[in-house]
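Below: one structure, written as structure tokens.
Chain naming follows the written order as A, B, C, D and E, and within any one chain the residues start at number 1.
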Amino acid sequence: MSTAFDILWVEKYRPRSLDEIVNQEEIVNRLKTFVKNKNMPHLLFAGPAGTGKTTAAHALAHDLYGEYYRQYMLELNASDERGIGVIREKVKEFARSRTPPDIPFKIILLDEADNMTADAQQALRRLMELYSVSTRFILIANYPSKIIDPIQSRCAFFRFQPLKKDDVVARLKYIADNEGVEYDPEALETIYEISEGDMRKAINVLQAAAALGKVTVETVFKVVGMAKPKEVRQMIKTALNGDFTGARALLRKLMIEYGLSGEDIVKQIHREIFSNEIDIPEDLRILIADYIGEIHFRLVEGSDDDIQLSALLAWMSLVGRKLGVSG
Amino acid sequence: MSTAFDILWVEKYRPRSLDEIVNQEEIVNRLKTFVKNKNMPHLLFAGPAGTGKTTAAHALAHDLYGEYYRQYMLELNASDERGIGVIREKVKEFARSRTPPDIPFKIILLDEADNMTADAQQALRRLMELYSVSTRFILIANYPSKIIDPIQSRCAFFRFQPLKKDDVVARLKYIADNEGVEYDPEALETIYEISEGDMRKAINVLQAAAALGKVTVETVFKVVGMAKPKEVRQMIKTALNGDFTGARALLRKLMIEYGLSGEDIVKQIHREIFSNEIDIPEDLRILIADYIGEIHFRLVEGSDDDIQLSALLAWMSLVGRKLGVSG
Amino acid sequence: MSTAFDILWVEKYRPRSLDEIVNQEEIVNRLKTFVKNKNMPHLLFAGPAGTGKTTAAHALAHDLYGEYYRQYMLELNASDERGIGVIREKVKEFARSRTPPDIPFKIILLDEADNMTADAQQALRRLMELYSVSTRFILIANYPSKIIDPIQSRCAFFRFQPLKKDDVVARLKYIADNEGVEYDPEALETIYEISEGDMRKAINVLQAAAALGKVTVETVFKVVGMAKPKEVRQMIKTALNGDFTGARALLRKLMIEYGLSGEDIVKQIHREIFSNEIDIPEDLRILIADYIGEIHFRLVEGSDDDIQLSALLAWMSLVGRKLGVSG
Amino acid sequence: MSTAFDILWVEKYRPRSLDEIVNQEEIVNRLKTFVKNKNMPHLLFAGPAGTGKTTAAHALAHDLYGEYYRQYMLELNASDERGIGVIREKVKEFARSRTPPDIPFKIILLDEADNMTADAQQALRRLMELYSVSTRFILIANYPSKIIDPIQSRCAFFRFQPLKKDDVVARLKYIADNEGVEYDPEALETIYEISEGDMRKAINVLQAAAALGKVTVETVFKVVGMAKPKEVRQMIKTALNGDFTGARALLRKLMIEYGLSGEDIVKQIHREIFSNEIDIPEDLRILIADYIGEIHFRLVEGSDDDIQLSALLAWMSLVGRKLGVSG
Amino acid sequence: MNKHHKKIPWIIKYRPRTVEEVVNQEEAKRLLTTWLSAWASGKKPAKRAALLYGPPGVGKTSLVEALAREYNFELLELNASDYRSAYAIRRTVGVAAFKKALFGKGIIILLDEIDGVATREDAGGLQELLKIIPETNNPIIMTANDPWKDQLRPLRDKVLLVQFKQLSMTQVMGVLQRICEKERLECEREALRLIAQLSQGDLRAAINDLEAIAEGYGKVTLALAKAILRGREKKSDIWRTLNQVFYAKAAWMAKRAVTNSEEDYETLMAWINDNIPRKYEEPGDLYRAYDALSRASLFLSRAKFKGYWSLLSYVFDLIGPGITYARKEGSILKLRYSYPERIKLMASLREVRQIRESLAQKLASRLLVSKSTVKNDILPILQTIFRYSKDLTYPARLVLGYELTKEEVKYLAGNKAEEIIELAEKIKRTRRIPREPEREEVREAPREQKRAPKKKKQERKGKTLDMFFS
């Protein structure tokens, strides 16, 4: 029974070698040269979540060392490991361990390197120098600007692009078919929209939705804990029509029925404001986008969901009324 | 009614075993399989307040371990326990304690898990891994979106739906009959409406109404009104009439007599402002809601209750007088 | 291949003796007197990053003790070494070590001294007294105001000025030519602009850009993780023209294609607002600069990048429309 | 040469006996009676930093016990460990130690007593009674209101006043003449202004400025890491005149030329806003101060110096323009 | 000897020796005498410990010492300068509680300043004490300034509470007068009046001040008193500060007034908070003043909780000039300043919040909900039931069902409390309560509660024996 919960599709369908990676071609080609040359500099992989940075690093190691590559690769997570001290210890120990038969270096993979403080990065830089003979670092970061210059200037830089819609949908289809999952094609596109080019997230959503039965637009929204866009739009329209009480009733419904938090809802309102499905005059959109910024900030600071969202809806009905929008 | 003691009906009529739970059938069925198999993954129960999440967890434990199940279940509340450190200690100690005779694991119940910071959740994740051989976690959350992905992907997910009208009304009927309470059937429906699918709230209202005599629509509303300090509305009216000093006297009374915190009172003011029972022009309502948002933010940042509420009242008397509201 | 990544140009081209330092003439002259006299007081070097403070300290020691000066100089980093306790131990041990043949004192170089707490600085002061016979301290700080009075009053004070454009560009040229790097002259000026008088940063950027091939304006912006100013200006203009939706499309492009974080983009907008390349009426600039402060703070507090930058653009379109700017 | 930097003038010129203290006459007279009577109650010395509280305590002990008074006085500093346990131990041990030949009690000096936790103060309070036969306590506090009532009621209270300008300047003159330091008389007054009646700070600034050569207004501002008030006022006035770009140019100059941090500048602006040199309505001062506070908060939370100070100047230009202030 | 005696501080020299000499605590004396005579006659009273509370310097400790002498008890004193961890309490109090006195009728165990038991260093001390109290063979007396502190909550139900009143000015003066006579000092009556006034009922402070003046000058005149006691002029200081704020002529004056004020920020803000409406009248003025105060409070909390002390300066801007220049429309009212209600009500506020907290704790574990749910959802319903029930036997039965304390019933029932408590007691007396009440309904919780005391008893016996043998 527990197995159903143990194998994640993101693991199951993760490409094992560079050849299996179907996008990021330019990057893959550069990495393949390293494999061919049996040599490489330190690497810095940057780009949004779910664009395959970690996968690429593993595939590279796989192609360099073969199937049992993990003994030659030390995986660290900068936000997991407490402090540079721990990292230093682990690197030291790893550097002393057995070297691969064929390749003159081992690999240290440091995930979320941009989460390290500048001080810790300075210490890291020194580690990279110290062990540069026998090891290569692969640093993974979402925001390369948070990596200090001295490290950047020591690394070959790879920028991973967000995945294209077709690539993601094709992959989801492939997995769904392989797993014998029923699905509405529309649902897969919805998954792409929600995951914003993050392949890992997309596959996770697919798996979660599949657990509920056929994958439909409906079930997708259910598992990601989002309200259906139509209902959110309904609430926005009601508010802009000046019917605050009505909009607030819809808000309560979203909070209670979908179990959405204030931040969830604000983000969805923000998303809908910019969708084509809703016809809002530009100047109203501007006003709302501005006010949403304020409300989101207050929520982040810990203010009460209900209070802040009521304020937002109240405000929307006021401007809606003033500008005579009919939603 | 012959015994000397009485307890609250929510306690008295709480289902003890899964069989006694009359709604959330799909969930109950899935949970029963766990009992039958004497095995289960980690669980995540999400859904609005009063839909029976905690009750289900206890019933599950009851059915697994029998009447004295509490010795095999560690109950924690994330917002009560100070920090992950405390939780870690308690979990550690509990894991070491006696194991149940028949089942290979003990249960750790973590309520309000969505109130934990992301960092604390990361630490929790590690705890779940560490003790996964001998324990299972049941996490309870109002907002599943606030649970980090790595935890979600390790748990079987159960979404509790708000209860249906029929279910709630039937339950109320059963209790009322059992307790020998007279009632108008209509009143029970009113109770359902008011409690928004929250069974606990519904039973509480029923009990309070019954204490006043026959349960009628009238008494239900009366009870709901009584359960809110009447001083709140009076304070709002006094302030909007421009009488700051009078309003503040009422504020002090609320704080001293009811022991309410600044946040409690702000929330109640907010609720009143948006209720239909108080007659305020729409744009005034918005102006007030906006300032309430600001004051609530200042309170959350830790500033003084009394001062912040005085400021709110001062502002309300100002706008009240300007706009000539008579509350 | 790996060598190319191992030697940092900042190291390779660092001046070794005071004579090789080409700027900060006044400071260099004062330091040379110390060498001539073979005596000096404690020193405090203050000034922005990359103005040569550490380099000057090393050059001074080099000129005092000769090529193997490092045995007579203890280098400590206040933010690296954990606590004053560690510093005290190291200083104690160092004071006991061999004295230079010719000079009656050894040097202790304490970098980032302004990062020490006031308490630690008090302890440091006592160390300076205790070992004043046989050692001299050189304290390095970005902000001298963070050094406590009793230490300041014991030190000769040197303020390092930011480097001039010509100095920096000339140095970059020299290095590029020496390393056989191709470059657009314009690119070197861009590097100066970006590094704001910080020589170390400038050289690091040069090296990183050179790793990608010919150094062009393009590659420079690529390695520093910044959008091209032209694109940022385009977005600003679009917003100020009142085309919020258009501006937001450009924003999404910056975020996704360049992988820029919200903070990166806000900083770049702030920078462009004050550039000569964009023609903004003064009152508009005022309004925008004020609002950018708010938005940057919200981001620092953890609010959502997309929401906050949308709010900023919305607000810019709003004022743009009101004031009838045509960008 | 090195000696000049080793002896702190605050130490060198600290009065040794009560007779040498030239200000706080009333207090000194009362203390002298204690010496004459060879008896005293517990004492509480309160007042701002640098008004001679610690000096007076030492001088009193000196006059009571003679030159080697330190063996009869136990000094506990805030930087020493002062948990309850330590207080209990140390005081008990000291009380048991040798008594002075002539005076029936020893002295325990507790510096910065207002920094002790309430718990520690509770422990202290009973000790004061228990050992009152053989010891007297002198408590030193900046904020006497932080001393718990039961302790206050056990002590004779001495309030130290901030020093008068003439006293401070005269003392600085005396020291400067004695040390053979050249100075502008104006510079000494500037030192007084900056140190706000804190004699210790004043002497430290004098010494630090003297290290640069002749003590001038210029060098004084240089060593305290402050811009010249005139320049800060210039920036404020420019902003209030509505010339935002001009004000910002001055800001950049302050940041780069003086090497001031954002906090330094914010503090100086705040100081100048209330000066008479800037001619604005009083209520505007408060409005600005409030906004400065907000900006200051954002800075300490980690927001960007340049962005936040630009926002501040922008805001000031805005109100300046609106209200037609001419700074 | 005599010379040495002279050097003893007056607060010790003139501390009351007999019960008679303790000034103006008749009610407390009566309660304590009755309680102690019960002990003396060998009948242990129901509550085996007493907690004396009241402001400092009103004679709590002195009275205990005097009583011990009068009733011939030995006195064992533990105060905040002694360790009071669980271990220390067990070793000292635990032993003394079961010891027979060598001389006299028994041992009074005096735990001074029980509110000063440190939360960390003395961890477990109070819990240990709670175990000893119901069993002790000797009277235990504790003193405290503030009995409503959170940590003392469990103690309050188990002890005899004895309140000590603040001394009046005349009473303080009387004592000072007597000391002057004994010391053969020349004392001006007006000087004594000032000292008494400034002491605000703290006799110890007054004696100290008297000594400070007398020691220095050999006489006590009004002029000397004024000169030397300036530091204690708290009240007049706050009035001066308020005047300087409300009537300031320039921003810097108002700012200086608040910066130089002796009061801590919270107290100062409480004074301003309560006195704004006594000076300002126009709604606009009121609003501006309160908004400034509210911003100040925000800055203060940021300074305090995040450690950004540099932000304090803005607090002063806002509560000084910010208040002054809030007045733009109306004129200034002539009402006299009033003492902040908030400060007066602090104790009762803390009390009611604590009752709410203990109710929440009790109900949360029974109802399987969080404490905040109890506070926000359950308590209002209970209040409705307790206040408006047609038949009060119903709430009375709930009192028994949840073993509510009197304090808790008072909170829930308001003015119906007495009636409900009486009813509950009647029900308890008249109906036989089954050993295991409502087995079906109340499963785990009550059983745990029943089991717990038994276990404790065994533990304690073991410990007592150990103590005798060690």
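Everything that follows uses one rule, which is that a residue touches a chain if its C-beta (ideal position, glycine included) is under 8 Å from a C-beta of that chain, and two chains touch if they have at least 3 such contacts.
Predicted model, so just to flag it, every value in this text is computed and none were measured.
Novice: From chain C, how many touching-chain steps at minimum until you land on chain E?
Specialist: The fewest steps needed to get from chain C to chain E is 2.
Novice: To bring chain C onto chain D by a C-alpha fit, how many degrees must it turn, rounded to the nearest 5?
Specialist: Answer in degrees: 70, to the nearest 5.
Novice: Same or different for chain A and chain B, where same means more than half of the interface numbers show up on both copies?
Specialist: different
Novice: Between chain A and chain E, what is the gap in Å from one C-alpha centre to the other?
Specialist: Computed from C-alpha means, the inter-chain centre distance equals 55 Å.
Novice: Indicate the whole-number Å distance between the mean C-alpha point of chain B and the mean C-alpha point of chain E.
Specialist: One centre to the other, that is 34 Å.
Novice: Averaging over Cα atoms per chain, report the distance between chain B and chain C in Å.
Specialist: 52
Novice: Could you tell me which residues belong to chain E and also touch two or more other chains?
Specialist: 295, 302
Novice: Spell out, as numbers or ranges, the residues of chain D touching 2 or more other chains.
Specialist: Touching at least two other chains: none.
Novice: Which label fits the chain touch graph of this model best, line, ring, star, complete or other?
Specialist: Looks like a ring, each chain touching just two neighbours.
Novice: List the ring in order: which chains come, beginning at chain C and going next to chain D?
Specialist: Start: chain C; next: chain D; complete ring order: C, D, E, B, A.
Novice: Residues of chain A touching chain B in their complex?
Specialist: Contact set of chain A toward chain B: 1-2, 5, 8, 79-80, 204, 208, 211, 222-223, 225, 244-245, 248, 252, 255-257, 259-261, 263-264, 295, 298, 301-304, 306-308, 310-311, 314-315, 317-318.
Novice: Quick one: in the complex, what on chain E touches chain D?
Specialist: 4, 7-9, 11-12, 55-57, 79-83, 112-113, 115-116, 118-121, 145, 199, 202, 204-205, 208-209, 211-212, 215-217, 227-232, 250-252, 255, 262-264, 267, 292, 295, 299, 302, 306, 308, 310-311, 313-314, 317-318, 321-322, 324-325, 328
Novice: Give the list of chain C residues in touch with chain D in this complex.
Specialist: Touching chain D: residues 37, 39-42, 46-48, 105, 119, 122, 129, 132, 136, 142-146, 149-150, 152-157, 159, 161-162, 197, 266-267, 270, 274, 282-283, 285-294, 296-297, 300-301 of chain C.
Novice: Which of the residues in chain E end up touching chain B in this complex?
Specialist: 266, 269-270, 273, 277, 283-284, 286-287, 289-291, 293-295, 297-298, 300-302, 304-305, 341-342, 345, 348-349, 352-353, 355-356, 364, 366-373, 375-378, 380-385, 387-391, 394-395, 397-398, 400-402, 411, 414, 427-428, 431, 433-434, 437-438, 441-444
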